[in-house]
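The same chain A turns up in both complexes below, where it pairs with chain B and then with chain C.
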Partner chain A sequence: MTDPAFSQIPFALAEFADNPEPRCPVLLLVDTSGSMSGAAIAELNEGLQAFRRELGADDLAMKRCEIALVTFGPVKTVSEFTSAEHFVPPTLQAAGNTPMGAAITHGLGLLRQRKELIRQNGIGMYRPWVFLITDGAPTDAWQAAAEAVRRGEEARSFAFFAVGVKGADMGILSQLSVREPLRLDGLKFREMFVWLSASLRAVSQSTPGDAVSLASPKGWAEL
Partner chain B sequence: MTRYLDAGGRSVVTARPLGSGGEGTVYALENQPGMVAKVYSRPLQPQDSEKMRRVVQVRSPRLDAISAWPRGTLHDPAHADGVGSGGSVLGVVMPFVDFSQATELHNLYGPSSRRKHFPLADWRFLVHVARNVARAFAELHAEGHLMGDVSSRNILVTQQGTVRFVDADSFQIRAGEQVYPCPVGTAECTPPELQGQRFGTLVRTPNHDRFGLALMMFYLLFEGRHPYAGVHADGAVLAPAEAIARHKFAYSREVQSGVRPPPGTLTLEALPQVLRTLFERAFSPTIQGRPTAQEWETALAHLSETLVRCQRSPQHLHSEEVACPWCALFPATSGAATAKTHLPGSARLLDADAEMNRIWIGLRGVPIPPAQRPLTLQVRPLPQPVALPVMPVVPPFVALTRAQRLAGWGRQLWGVGLLVAALLLKMEGLPVLLSLVVAFFGWLSIRAGHPKRRERDLRRRYEREQISAVRTHQRQLQQMARTLEQEVVGLQRQLTQAQQMYQVSSALARYRAEFERLERRRQEVSRIARQERFRIEEAIRSHQQHSLEVYLSLHAVQPGMLPGFGSALVASLHSGGVHTALEVELARLRRVHGIGPKRTQELLWWRKTLEQFFSFDPSQVPVQVIEAARQAHQQELQEQLRVLEAEVPGLHHRVQAWIAAEQHAAEDVLSLMREVEQRQQAIVLLRSRLQ
Partner chain C sequence: MWRRWRVVGASVRGTAHVQSGAECQDASLWRLVDSAQGVPTLLLTASDGAGSAAHSAEAAQLVCAALLDELERLSRRDGFDLAELNAHTLLAGLRAALEGHADEHGYLLRDLACTLLVGVVVPGAAWFMQVGDGAIVMQSGAELRLHVWPDSGEYANQTYFVTDVPHSHVHEALYSGDWRRVALLTDGLQGLALSSAGRVPHAPFFEPVFRTLEQAQDGWPEYLGSGLRQFLDSPAVNARTSDDKTLLLACALDVPEVAIDIPDISEHLETDVLAEAGPPA
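Take a look at the complex of A and B:
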């Protein structure tokens, strides 16, 4: 992964004229602290590749989903919001501690900026998804972040999902997230990302009139 | 490899799988090229099985032409008895649609995917495909079916621009009287009145399908923009479905929804008037009367016939009725390509289209007057003040006092006394008449003196007076009510006139009419702008005529010029004013003495031969001549644009005046309404007194 500091800045007007489909922003907040090193980070990288592949199978979902990736340990914007067509999954490396609170605050800031850009350019938007993946407990103050998440969920500004990998402090996760946090079954990152892409593809699908709901996360989460 | 039975009991064997989706898996078929089987993940419910049988039954060549209509149902060979009817349907056989030849509609209208799938497609192609989509819908609707789940995923488009519907098994089907609904829908293509409803057993109407159709038309003409996605004045960011539910059509000129079109897009102004109106109707909050497929087809056919290329940029295609909208959209590039003509160079050309775009931005900036509202009285006025007549006071009935009673009894006694006196007088032998007179007075006295009778008389008189007072009073009240009623009739006549006046003075209607006039002016000026070449050609022609005349005047009429033309004849021609070939004209020759028809003919032929030898070189036309023509044209154009420019403040003032006039008319109506209402209330009041 090259240094994102000098990555290309898209010209918004042209970007939205080129692809005027309504957007569904997806923010991935991924823990890359030292404890994730080894098999976990390898599976996670593989999962990201699968995520991109699965979305790529659906032209319309590709045009609608835009992905941002923020890793923490330390907090770093690996990829700003990019439409799925142009999203290149990076190879993440694990190191450092777990500043989860700062990562959430930073990620929500990115989301807010993106939302403003979408608003100014007058293309519709579906409710954004924020996906937090961690295997530890925050090493910084996370209460402010939890408050921001609660307010965001209340205002229906986004849907926040927390996923705990083995070793995660599920107690703090359930205080962070309004929704019940999910515990990843082993290292089934691949299955999790396939599920995520299928859920996102539903955004551009016909909906049957009766019983519309997300597929159950069974298959990758311990329920 | 799985074996199924078709409805006729014949074997159908699936080969390799081609793909799978939410509903099931699609397989190629053994020995049936061009056909595929869609096998559902679960056997269909009885009612869905019944629908699928009907779908296959209603198939027609017309439907085959526009869609991959299912050809047959698939059944379990283990239950061969249920194949004909009642048995569960496991899948359907339908024509194979080659996705390498056809792609979902959004891959055409979205600019980024269009570059990939249709690198050569321009706006003309998009208009063409829109036409084909409308035609396909017209066919489907004519057969009585609806797409139901209208979406750009259910419409495939080929490189040739023809379209085909897929997923026909989910359509809403009409078989005789029976309707089989479409159980699914796509939120961003669902009309406002169906947002949030369950689709399962919902029976849709053609008007619902027409919303989706209009959306497809919009997607194609506006390069993938959603008509309900725009910049909200209140800062909201909505999903398309929410915006539809709230009637936020961002491009409307007629309904102010607090949303404007996104930056960098075409607007309705880019389309001919007919199409603008169709979109306004399709996305109007009134919901009813969305344009039919036929209407779209007619309007689009007209558009595709009248598409012209922009003079500045040949990639820009637009309706000839409007100035190039693409130049207006990307002003930075519009100056880059100035018009190149083959005519000699010139000074700065006026860019009429750009000028008019600028003027139109000014015109559009003039606030649109609000629509007329139904006039009603906000506050119920008080009744008309009327001087209610006073009921005449009748002296109250008073019972007899004790003295009066005693006096009464006294009179009775007196009467009895008189009667006795009469009897005595009779017995005394006095005349009968006298005693009769005395007895009469006695009787009178008894009668009048009885206190009860007196009291009754008094009471009767009192009641009579009272009744007469009430009657008089009621007559007066009635008279007043009648007067008021007559006034109401008169006022109501005035009110009707005032209301008509109000309707006529609608500022919005006037504004629209004015804009239509301005649009016509714009087309006119645009036409003038295009006439520059004709003007120059005309100048060249007139110069050519002038050169010819000079050339003819160089050929003198002199003796020997033609065989038989002696000096005598020439002299008489000269005296008739014919000195050179230029003056050889029939009318002139007729006036010359001594020249016969033969000579006349010879002279005319001479001139004609000379003319034929005259050759004209356009490059010899002096630059000034062309420049002058160009200048004249530019000046005229400039004058026209100046007049048009003056329309901006003009429109502003006129709109103000219209709004004022409309308000004035509204006030007239309201004040008349108030007066009528006041009188009616007063009438009610009077009537209540009458009971």
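Take a look at the complex of A and C:
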């Protein structure tokens, strides 16, 4: 065969578009009030390290997930939305009270801005996740925040998950979150973050029409 | 000059489906028919079955076949015009066919969720319709055009399906122009073939692909088809997508009419006839 067309696959000359990966924003709202001091904050810090390591094992999830971290006690943006590749888990210190309502409102504001930015750049997006972790009860007005969560869930603007550590007011958490809040089993922050990472890996690689079935949280939550 | 079409298409299983043992949920079909007025009419269709729907591979096949039959029936009617085509009527017919199939096999209608891409192309005009993601690309001269940007809802893992699409997400349009190149592709190829920055077809993807088809030698349809399948399953493509992928390509070829040299014999005939029927000597 001398025809040069036979020396390669026909159609292989196509050059591919270089598009940015679709993004999956993940907002972590973490209670760092005084009651978290000691073993709890240490386990939480170790959990964040595990979260970063687990995501790091997955190339696509690393490119697609964007992490933001807001702590409360007082409310502070520890890390703006940044791709998982560039997310550096901080060492959190526990202090202060529990302004949970303000933290949710502030975090959802960051998320709204981020979604706007992603859209303006014509980049695809997965439904964002908001993950609230607390061991107490709000020390501020939280009703407006609960309303914002309810509206956001209804509009499918994000999926909101609440996790109560021992001592958390599960009654208020269930009013804050449309989904049933989960109670952390002991201080299994590490297991919880490994689960979160695995769930995000599944979601961030799903294609249209896929049913993403998340693993049961029974390895870290009291069910 | 007369026009003919060269068409090649392939649906290839994505690497994620190969790993999980799932079948290919994409389908595509095409047909060339002569309308009642003798206009060559190219019919193209492709469908992507939803990953979460239990029998979506069957649905994609069924939808493509039913649609081509209906479009052939319409285009063979006297006085057929592209402007008569109506996406909502076609969809109602498809949904009835899907409901019949679901009843017959004891499925739920949502088990048959799939997207839809359709093209009807004649010299001077083309009609396209789309439900869900994937893309239809057309070219006339240097103008490379996209029918609609993949309609994937708000998030990257959502889209619309023929089984329950809202009216506002059925996209149909009639384009006048000499569309000599047409491509249908499912969402597995979107990231490679479309550029999200300007929401346009990625010309360096389409130009070599169409050129290959136009310059291929006649009489090699198997070679082209297996070449396209090989390309769609090549490491370069699989590095960028793990989903099922379909590419259906059509290009118009203008062929000079074969000049048959028929001598003008009318004069002779007339003379002969006259001679035969001439006045009696």
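Following the convention adopted for this analysis, the second predicted complex is superposed on the first by the 195 of 223 C-alpha atoms of A that agree within 3 Å, B and C clash if a C-alpha of one lies under 4 Å from a C-alpha of the other, contacts with A are read in each partner's own complex, and residues count from 1 in each chain.
Going forward, a residue touches a chain if its C-beta (ideal position, glycine included) is under 8 Å from a C-beta of that chain, and two chains touch if they have at least 3 such contacts.
Just so it is clear, the model here is predicted, and its values are computed rather than measured.
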item: Which superposed partner A:120 touches (first chain B, second chain C, both, neither); value: first
item: Partner chain in contact with A:63 - chain B first, chain C second, else both or neither; value: first
item: First (chain B), second (chain C), both or neither touched by A:156; value: second
item: Chain B versus chain C as contact partner of A:142, first or second or both or neither; value: neither
item: First, second, both or neither for A:220, with chain B first and chain C second; value: neither
item: First (chain B), second (chain C), both or neither touched by A:207; value: both
item: Set intersection of chain A contacts, chain C complex versus chain B complex; value: 13-14, 16-17, 19-20, 22, 122-127, 205-210
item: Chain A partner contacts - residues on chain C that touch it in the complex; value: 48-53, 56, 113, 115, 132-133, 152, 154-159, 161, 187-188, 191-197, 199, 202, 204-206, 208-209, 211-212, 216-217, 223-224, 227-228, 230-231, 234, 236, 240, 242-243
item: Chain C partner contacts - residues on chain A that touch it in the complex; value: 3, 5, 9-17, 19-20, 22, 122-127, 156, 203, 205-212
item: Chain A residues touching chain B - in the complex, by the definition given at the top; value: 13-14, 16-22, 59-60, 63, 85, 115, 118-127, 204-210
item: Chain A contact footprint on chain B (complex, rising order); value: 22, 104, 106-107, 110-113, 149, 151-153, 170, 183-188, 197-200, 202, 223-226, 228-232, 235-240, 243, 250, 259-265
